[in-house]
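Chain nomenclature is as follows: A, B, C and D, assigned in order of appearance, with residue numbering initiated at 1 for each chain independently.
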Amino acid sequence: MKRARAEILGTEPVGPYTLLRIRRGGLEPGIPGQFFMLEAPGRQLPRPMSVCLAPPGELAFLIDPIGPGTRALAAVERGDELGVLGPLGNGYDLDIESPLLVGGGIGVAPLPYLSDALGHPPALLGFRSERHAEAARLVHNAEVVVEPKLVTEPLRDLATDCCKVLACGPEAMLRAVADVIPAAQLAWEAPMACGYGACYGCAVEIDGELKRLCVEGPVLAAEAVAA
Amino acid sequence: MKRARAEILGTEPVGPYTLLRIRRGGLEPGIPGQFFMLEAPGRQLPRPMSVCLAPPGELAFLIDPIGPGTRALAAVERGDELGVLGPLGNGYDLDIESPLLVGGGIGVAPLPYLSDALGHPPALLGFRSERHAEAARLVHNAEVVVEPKLVTEPLRDLATDCCKVLACGPEAMLRAVADVIPAAQLAWEAPMACGYGACYGCAVEIDGELKRLCVEGPVLAAEAVAA
Amino acid sequence: MRLLNASGCLDALAAPDVARSLDVFVTKTVTPLPREGNAPVRIAEVDHGMLNSIGLANPGIDNFLSHSLPRLGELGVPIWVSVGGFAASDYADLCDRLDDCQEVAAIELNVSCPNVDDVPASVGGIVGAARAATRKPIYTKLSPATADVAAAARAARDAGTDGLSLVNTILGLALDERTLRPTLSRGRGGLSGPALKPIALAAVYACYEATGLPIVGMGGITSGRDALEFVAAGASDVALGTILFSDPGASTRISRELQAELAAVPVDSPDNAIGLAHAAPTFAEGVARRDTSLPV
Amino acid sequence: MRLLNASGCLDALAAPDVARSLDVFVTKTVTPLPREGNAPVRIAEVDHGMLNSIGLANPGIDNFLSHSLPRLGELGVPIWVSVGGFAASDYADLCDRLDDCQEVAAIELNVSCPNVDDVPASVGGIVGAARAATRKPIYTKLSPATADVAAAARAARDAGTDGLSLVNTILGLALDERTLRPTLSRGRGGLSGPALKPIALAAVYACYEATGLPIVGMGGITSGRDALEFVAAGASDVALGTILFSDPGASTRISRELQAELAAVPVDSPDNAIGLAHAAPTFAEGVARRDTSLPV
């Protein structure tokens, strides 16, 4: 993990989300599924954000402004500097055959970078509305479903054991995916104060015990998480 | 007393001090020696400031940036808005013959407006340095002394009972003036949280008892203050 | 839900218009004898609040009854009198003196001033003595500076208090920017303002759960959102303190903001939001829109 | 003056470089048996700080001694072990187990965790039992949530503590933005960060005056200026907690800032600033440049 003050190169709306681009400088982009802690201007604690895109010299994050921290991040301006720490946690295992990416809502965030790393495998994305679905444009080769339709329906047909699923999304979706595909790799969320194992705030039940998601995850094998 | 959000018309340096000009709007300038509570951006409490000048449509305050509140006030920018409350307290009694204004340091602040109200009577101003003495230009008809010389020296010769002294300045100076001229009107300072009698924070010893300076003063008869 | 001033944060005789903007005016704490209060400097700003060591400056009960109270009675706002002493008998005497005054709507027992050296006797003892001395509604004001504020609240309830005022200040220190000596002559002083809010909210939450008594919530309230949180935590009324120093018009602003906040919850009146934080999860989840993805 | 981490705010095995940037590493509180801690959600941000209800999640003394301590010993940083229990005998046993470990430079007695239901016995009893069980230096960590923290400090001194760690968190509450229910599953949690600073500073000031013991000061320290204020109030060492979450490099930055602050006071070394806030007025006036005009 490395800490830096990174220059903000720009922000752009993607449906209801904001794509935040920073200068990469000496920071490693890390493995898809890893995350950075981003300073949330005016707030006490940084916020965990997955690497969304890593073009040369840049890092980009896709932000869903749902509360004080993410609203502050979505409001930063080009030229400002932001304290960033990362890459953190464990990303997806990329050493797999015929991957299928599955995302729900803001869970799409890590998939563009993941898709690039895997040579643009097929992806299945679910969103709450057409507007949210605009984020699908960040992911190559994606099939999109919008509520009331859920990703788990097409998933049943598609993903028998023909392919390995890598997913990120809200809890309900991840649990449904885990049911259909026990071998899936799932990226989870938890409130995080530090992101590097210091606070024990991000505890989640893994293999039957409370463990730190920032240390053990955020990507976990589906079996690891209690049903 | 009236509360308003006033537009900042501009700031200009006067020696080490800052002259802050705001749009008067519906605010009364009050009597010279009265003060306003000015919001100090980013701070919890407003700060008391004497009316320094009251040209048509404006109010001006002279600020000595000595701490977080005054530094924040000296740093405001034209076009910003500031919460202001006033006029507050009791000003100078202007119904007097042959007045002599005496000021020390930032104690010069209320004197320009006072001088205008009295038709520019003679003034005696003392400062710590030539740079501080630049503030003397705000007061007509002023004689200036710079440390190590003190205003009390010329005062002894000048003000027997030939004239009525109205003074503002640091405690040491006010006490010295009180010794020479028991009939003087003196404007005192105290830390103030509210400026309108609510907090009892500004208590000072007046006529032998702790009383609220924002209610009884800030201008007091020299005799009122214990030696 | 009524909007009050916090005791010691408004002088209705010095600022009658501000007092009239409130639903209830609460006096500064009155003691048996007159008190000048502590020596200046007795206020200091800190980054997220302020300290005070006023030390219960007040005219004493005799002058209060003869001079202040009659004039307060003319304001047309219900008057609560805050009383303080150093023994249960002091509180009993003060309540006894106030019991016949028809200007007095309620009595607040300040058993929690951090700025006087003699700590008053046990909460239960004081409330019991006061209860025996008056039929007026009694609100007991507690300090958050205790390991178990709910225990003090229970003691007050069992001794017959009608309600609780939560919270008083907690001791803090500020050092002068240049000398590094305490800014306040007395050294430490009571911390109020935004820094106190989470502590005050926790006290209201715990005491509501422990006693179900009516609670006047206070501590760092600066917005309608803050007021709503105190109500949700269990306050039936809320009081404004430090915010009045920078914004004498705060009560009007905060009532307006509160209405907007209620529309968002959504709850139609503040009274229907009382204790919402204690509501059954099912209800709360109903309010919550989107499922978060915590795997637990 | 040494720079430590606050217990529970750094895992030296997860972030060895951060631990090595400190003069002393303090472990998260270790209890007799393993503890998973409280159910999530167990952290929440508030406007001027944060709440936690971790609940002493730790591997228990056996695993700590067999797995963690040997690896901590290899860091090359002096190790203080924080211990916690629910009876004086727990503390005695823990101290006894640690007494022979040469990796352990000192023991911190956490008698002040707000996130466990069983409140430990009296401070004096715990410290006395611990003192009898170990020759290691003992620092007793106190809570600011008391009417008289100096009394607890005296009790700890009389029972044989070598120093004090001041302060632990104080209970606070945060409500979810949309549901108005407590953000933490446990309801209330310990408040840390800038909002705690004036309260912590007051505790250090009072306990230094009351005991003269060495004090590790902590509570909302985010800058060199904050560190200097804790030292001036009476801390001989200072610890960083919440700030480490947003700035793992805080210790290096704060030491640098502290040097600059000292130059301004002016004092040549932090140790010469210890207790400066208690210095004779004459000295302080010497430091102060300009006379204010308070007529008192």
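Here is the rule we go by: a residue touches a chain if its C-beta (ideal position, glycine included) is under 8 Å from a C-beta of that chain, and two chains touch if they have at least 3 such contacts.
Quick caveat, the model's predicted, so the values are computed rather than measured.
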Per the touch definition, the chains contacting both chain B and chain D are C
On a CA-centroid basis, which chain has its centre farthest from chain C's?
A
Per the C-alpha means, the centres of chain C and chain D lie apart by a whole-Å value of 30
Centroid distance [mean C-alpha coordinates] between chain D and chain A, Å
35
In angstrom, rounded to a whole number, how far apart do the mean CA points of chain A and chain B lie?
59
Could you check chain D for residues that touch two or more other chains and list them?
39-41, 46-49, 194, 294, 296
Per-residue multi-chain contacts in chain B, two or more chains
190-191, 204
Mind listing the chain B positions that touch chain C in their complex?
1, 3, 37, 39, 43-46, 67-69, 83, 85, 190-194, 196-204, 209-210, 215
Chain D - residues contacting chain A, complex
8-11, 14-15, 18, 28, 36-37, 39-50, 52, 54, 57, 177, 193-194, 242, 244-249
What does chain C use to touch chain D in their complex?
39-41, 46-49, 51, 119, 143-148, 170-176, 178-182, 187-188, 191, 194-199, 201-202, 204-206, 228-229, 232-233, 265, 273, 276-277, 279, 281, 284-285, 287-289, 294, 296
